[in-house]
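Quick one: structure below, then a few questions.
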Amino acid sequence: MEDIINIARELIKRDDIEAIIGYEKGRAPFQTVPFFARTPEDCDKLIMNSLCVNNLVSYINQFSGKVAIFVKPCDAKALVGLLQEHQIEREKLHIIGINCQGALNPKKLRNAIKGRMVKDWSINGDKIKVYYESGEEEFNIKDFLLDKCPACDTRTPPIYDELLGDEIKTADLPELLARVKELEKLPAAEKQQYWNEHFERCLRCYACVKICPLCYCERCFVENASPQWIDKSNNLKSNKAFHLIRAYHLAGRCIDCGECDRACPMDIPLRELNLKMRKSVEEHFNYVPGKDIDVPPPLSTFKKEDPQDFIR
Amino acid sequence: MSSLYVPHKAIIHQVIEESPDTKTFRFKLADEKLHKEFDFKPGQFCEFSVFGEGESTFCISSSPTRKEFLDCSVKKVGKVTETIHKLRKGHTIGFRGPYGNHFPVDELKGKNLIFVGGGIGLAPLRSLIQYVIDKREDYGKITILYGARSVADLCYERDLKKWYKAPDTDLILTVDPGGETPEWAGKIGFVPTILEEINPSKENAKVITCGPPIMIKFTIQALERMGFNPEDIITTLEMKMKCGIGKCGRCNIGHIYVCKHGPVFTYAQIKELPQEF
Amino acid sequence: MANIGVFVCWCGSNIAQTVDVVAVAKAASEFKDVVYSVDYKYMCSSPGQNMMIDAIKQHNLDGVVIASCSPRMHESTFRSAAVLAGFNPYMVEMANLREHCSWVHDNREEATKKAIELVRMIVAKVARNAPLNKIYVPVTKRALVIGGGIAGIQAALDIANGGVEVIMVEKEPSIGGHMSQLDETFPTLDCSQCILTPRMVEVATHKNITLYAYSEVDSVEGFVGNFKVKIKRKAKCVIEELCTGCGLCTQKCPVGKKGEVMNEFEVGMAPRPAIYIPFPQAVPNIPVIDRENCTYFKTGKCGVCAKVCVAKAIDFNQKDEIVEEEVGAIIVATGYDLYPKDSYGEYGYGKFKDVISGLEFERMVSASGPTKGKVLRPSNGKPPKNVVFIKCVGSRDEKHGISYCSKICCMYTAKHAMLLHHKCPGAKAYIFYMDIRATGKGYEEFVKRAMEEEGAVYIRGRVSRIYKRKDHLVVVGADTLTGKPVEVEADLVVLATAIIAKDGADKLAQILKISYDTHNFYNEAHPKLRPVETNTAGIFLAGCCQAPKDIPDSVSQGSAAASKALALFSKKELEREPLISRVNEEFCVGCLACQPVCPYNAIEEKEIRDRKGNLIKKVAHINEGLCMGCGACAVTCRSGCIILEGFTNNQIFEQINTFENLISKFEPTPEETVAKK
Amino acid sequence: MEEKSAKTDWEPRIVGFVCNWCTYAGADLAGTSRLKYPPNVRLIRLPCTGAIDPLFIVKAFQSGADAVLVSGCHPNDCHYTSGNYHARRKLTVFKDLLEFTGLDPKRFWMSWISASEGQKFASFMEEIVTETKKLGPLKGYNN
Amino acid sequence: MELILKKEKLKEFLEQLSKNYEIIAPVKEGELINFKSVKDFTKVVMTYQKSIKSPKEFLFPQCEELYKYKFSGKDVEIKPAEVEKKPKAIVGIHPCDAVAIKILDKLFGWDYKDELYFERRNNTLLISITCNTPDWSCFCTSVEGTPYDADGTDIHFTDTGETYYIEGKSEKGKQILQDNNNLFTEAKKEDKDKVEKIKKEIMEQVPVKFDIKKVTENMDCIFDSKLWDRISVKCIHCGACAYLCPTCHCFDINDEGNYEEGKRIRCWDACMFGHFTKMAGGHNPREDEKTRYRQRIFHKFNYYIKNFDTISCVGCGRCIAECPAGMDLVKTLQLIEKGAEHE
């Protein structure tokens, strides 16, 4: 903690750095929120821990000057994507990479404490300790990890200027695509029902789109009004069209930061769609997003020998 | 049921090409009785629908004193207006209104009126000018200053000719520098400049101005320099609108809803508003 | 909201027989926006066309649907007719009632129903059409020809004779290319130099041709009709205007006498000085100083040439120079290279002096060549008795060489066998071959002659090894016809090495932004229909840079490319269909996802700046001159910032949506059907 | 019994997005060759398969298509050299997504049909219609 | 009129009610609590923390048809939409959400009476319940509300453990209780005391976070404060806050359909979306997150007061709990409370 504050304080003193994008403590128990430090005093508020969930990358272009940014591996993968797609300039970034052992789901934690008033909490190894007004309780971090974390194979950011935290060793990762494979096995009708139920619930609030670091379009296709690409009506028909195209637009680009999933107030399992797209792109074109800045995204290129088994 | 939002059918009677991007649509409510009963005041607006495409807001540019038809002048700028421009005689449209406040026609009685219009901004003024000319004895001297980017962009040619001949009425036309043709006999220069040039008297006068935001801005500055009171400067405001009846929540400037409290405001009122329009 | 006219064609009985055209016209009259609907026997006939024209005027139409045959058949007919009527041709669309309906269905009721739907979908599309105007791109009437081999020469002369200025850029000190190295040519055995030299001279003297020899293309910008080319003129150190071409300097130059510098033209079989003219008939006939080998440049001392030159044409201080030219079309004719010497270890090429390449053999038999036309063994300068020719060296050999066939080796090997027979009477030619591919006019006969009249021995089989036995080379192979191993004791072995792409072909392609295949040969736009065009509009191909070929093919391609260029120049402005893509710059985020999908490199990055010149953002920009309207970019742009004119989403969505309507209109939904029962 | 008669009454609706140069021309050839196929298909002509947006496919299903076909030039034969390769990539992924969300794979077809393959076009239409009939009307897309 | 209903009798009560009403009640969907039209009353969850959406959508649906149109030639046929006729009973609504409906009434009744809304409104019975599980984001007490005072509802429940303590509020509500009096027992003094105690306890769980008077006073001079720049940066301008908010009411009107027929619909819109106020030609008076966030706050805590004499926030905390960017309305209001100078 001291570390990051010191680093930040040093950085902000530099003339060329306009702000430092990081996290501060939120009002709710276990809540951290994005924070933009612009003065040395601001820096004291900065925190960095396993409850820092937001992907901060989307905020970079809010600033005209150079910014320093704390990035977990997820965020860094998003950076790779954005650099690949010409959305940010590398020179305008100072990247402080953070080795990550998995982030925690604040909502799950909040549910676990059943409304008790939390005074403070601390993380020690694989345990999180919560101090109540009276008494304390310990939880296993493992039980509160965000869905994306257990199977994550990138524990060090693929891109950074300086790196913080100990190297993290991971072994025996559970399979990332297990859930996708499970869903794939369902009969078509059940798949349809599963998704229709979810799609029907969608509010079309676009929190999923707006939070996604790779959904940077100035005008999302859903906002395309002449002609209207997707009806504004919130019904299964247009919600489904929205979800199919959203997922497709992220095929080969979604870096599985899970932000859409987290942002969705209606608990729609967007990540399952994204992972299906990831699987598809990897299987067919042997491409995994968020790794290489210099290759074009897979749906902007082709190989003559691409598979075409289903084509007649 | 949902009569608030359900438009009346109206039939296009005539389409007049005013300028390369503006057309006036002359229409009549399909229901004769309704059309006869229909009443409005200069400055009020309506919601004009093309079914399948949507609704758009336009002021009624004809005067309530001439009831046979209603006019809306439409500039082609976006989705709905583009389709409106494809309409021909005989097409059916939807019409809701009238909405909003209006020019203070009673307050203006006995005053000298100075109209300053630019481009399509003459549309709302046209309603009032026609009204005032039709009730000529109620009002004082009329000065109309109208400008457009180029000669081709001047709207309402037929009206301009009539106003030119109207009693105790001055009509000054101007085009932006470079917009003139060899035959152009009017003035050349931006509206605010010409306004200062003709320097109308502020005695017992009210100015009613309407046009593109940038013109309004400089016109008002000019008027202030010329010593007009903010209360005596009347203009209209434009914000995006959907419902036209103060519900859909986008046309507010501060707590003022352009669709309900406006679109007509005095400069004095506008000065009180947050500068967010 | 439009006024649409629908014209239903009977096509004699072709449509009317299966489709109730009257019913179609009647149904169409009830569609939204349709103000006029009629059926007629032959819409494409001139009364039919006039009917359309009259209706356009009479009914004030702004959209026309011709429901007849395939648009691939008559779209242009009706669009041209519309133009005559002063009507925007892009407001005319066709519904295909013949090929896609009446001819493929039997049931009159069903076909009629389908026909009505087809018309309805097109009516909906037309309602969303927008009038479009042809795009005109100005054309600079000058051509650039890169490469002065026979293909380039042919193209340049054709264009120049067509009255258009040509800039020719040749990398070497002289034009002529490989053909100038050949002796006699198959299948007629006429002398290569004799037919080539006059053409070379013509290039040099043609008033419409500017020749930049010893030069290379440095950069190319712009697009069809409007290329800006930078050409690097390498310093010759000889002032062209002063040089008389006397050649004294080349004789006096002390370099090369000991064979330390070999003549490229002679394929390394003869030395050359540092100041040289590659061959006597060179065009331009002006020497160049090879600065790498010149003593003056190496040591700062010498300058013999300068001393002997009476014309005072030597200038050691000359610098490489960049000239800029504007051209409207570019013809690439950069030719080929041969498979490198050292690649065939087992044949001893480079190891045994008496193993030579076909091109070396050409030089040997050439009267002007290093041996003055005598076939001599390089090892001892004596005429050979047995000569083995090995074909497909490198070619058709995916393992060691290249997969393709070099196309000309069969022929020139046969030629070589004959030439050997002529020039070295008594010598015997053995030819190891895999197949004989002699597909040109008179080619088969030519090969036959080599076998039957000129005594060449053809052995079908691959050579596995060559080794030296005393003074001779032993060629070991297998005769695949007899299945027996063969051994030939040879005095000379000539390898028909594969033709490969010119060294640096890929770099040039990148400069030109044209595509090339895995072998670095340039890609034609269409393998059958557009063999001399590239995918980049205004850039054409000729000769071996596209694929191995012989002289007649190279020449015809040169002429073909010239005719393409001349066609381009035939109008003041290039007229292009407006059915191309446009970028909505307001919303483009400059992700450039669209850029790599464009097969024509039509998309570039554009900076948008405010009035003060500050960069606001970068967006994609589509070059009107290059876009062919394939629509790939439009689909790639996630935010829908690219609009493909003529096939806009607005139009396609409406076509699709109409489909929905059709269901409610013409057929109860499945549920309703069930409910009724 | 009821069910069955209802089903025979129902005719599948099929939308085909085809490129102008190959499949549209192939369909033309089927016509000029007077080959017969069921009348259930409506073709929408586009310049190239590369110009087919996945949203078209979704919209087609939502507008009541029971099956959708995308067809264009064979690999290497694209009029614009590479449109079909791009389409192949995009639609490979999109097809996976459609299936993942519960669309029967037999409702989305893609093929390469050249201008000379009138016969292939006709028999392919025949096949699609037969297969779609087996599946019955598409539900869950349209509401 | 105070009654007691045994919890196991709730189902019976709802069944009775469902004879005349469509029952809208909170049910569990995955992890979420959501108001749904229910037929299986065992699914109803009366005691819950916070429903993800407020039940406003049953009066003002997210998307509703205004009318249908159909072309024939140049003429159009218009068919105005009709509202479902069957009365609805919204059961288990928390007091904050109930108050929100009163707030919406004002807007929809402003000069032009929105028939679609009021048709439903007048046909809807509100049965509220004391919210006894407020969470960290709740702040109804700071905006003059309470977790138990359900002004404007017809019947009010309080969960006392084994039973519901029921108050008849409106005449309509009292009548319904009367009609079903076989299900209830009369509340006794100790029941009343127990309820009072519960209410007091809950009040303590929702401490007042700011002085709303001070906030609204300060609003008038804070419009141009730099504060907005600072706090709005985080906002990603999605529609989550507006769509979940029980008092947000902005909507969009659109035509949907195909070439020949279709319908005009209105559907929720959010002032946080960029295109909300973007005008033809590209001008947007509220083009960045700052102006849009400010609009949202001003609309609720200033403009609404000026037009309708009430703030339009009920402190339900949804916008805080669900904001993916961690925007915190309470923090914003606390800053405003401190005044502009504090920045």
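Should a chain be cited, it is by its letter among A, B, C, D and E, assigned in written order, with residues numbered from 1 in that chain.
Heads up, the rule we're going with is that a residue touches a chain if its C-beta (ideal position, glycine included) is under 8 Å from a C-beta of that chain, and two chains touch if they have at least 3 such contacts.
No experiment lies behind these values; they were computed from the predicted model shown.
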Key: Interface with more contacting C-beta pairs, comparing B-E to C-E   = B-E
Request  = Would you identify the chain whose Cα-based centre sits farthest away from the centre of subunit E?
outcome  = C
Inquiry  = Based only on mean CA positions, could you tell me how far subunit C sits from subunit D in angstrom?
reply    = 35
Query = When the C-alpha atoms of subunit A and subunit E are each averaged to a single point, how far apart are the two points in Å?
reply = 30
Note = Distance between the CA centroids of subunit D and subunit E (whole Å) is 47
Note = Multi-chain contacts in subunit D, i.e. residues touching at least two other chains, fall at 55, 59, 62-63, 76, 82, 86, 90, 142
Remark   = Listed in rising order, subunit E residues that touch 2 or more other chains are 71, 252, 254, 257-259
Message = Two-or-more-chain contact residues of subunit B, please, as numbers and ranges.
response = 78, 91
Which chain pairs touch, all of them = A-B, A-C, A-D, A-E, B-C, B-E, C-D, C-E
Request  = Show which residues of subunit E lie in contact with subunit A when the two form their complex.
outcome  = 29-32, 34, 49, 52-53, 62-63, 133, 135-137, 233-234, 236-240, 242-244, 252, 254, 256, 265, 267-268, 270, 273-275, 321-322, 324-328, 330-331
Message = Considering only the defined contacts, which subunit C positions touch subunit D in the complex?
response = 70-73, 96, 98-101, 103-107, 110-111, 113-114, 117-118, 121, 515, 523, 525-527, 535, 579, 597, 599-600, 628-632, 634-636, 644, 647, 649, 652-653, 655-657, 659-660, 662-663, 667, 670, 673-674, 677
Task = Show which residues of subunit C lie in contact with subunit A when the two form their complex.
result = 128, 586-597, 618, 636, 638-641, 649-650, 653-654
Task = Enumerate the contact residues on subunit C facing subunit E in the complex.
result = 30-32, 124, 127, 586, 654, 657-658, 660-661, 664
Remark   = Seen from subunit D, its contact residues with subunit C in the complex are 2, 5-6, 9-11, 13, 15, 20, 24-25, 27-32, 34-37, 39, 42-48, 50-53, 55-56, 59-60, 62-65, 76, 79-83, 86, 90, 122, 136-137, 142
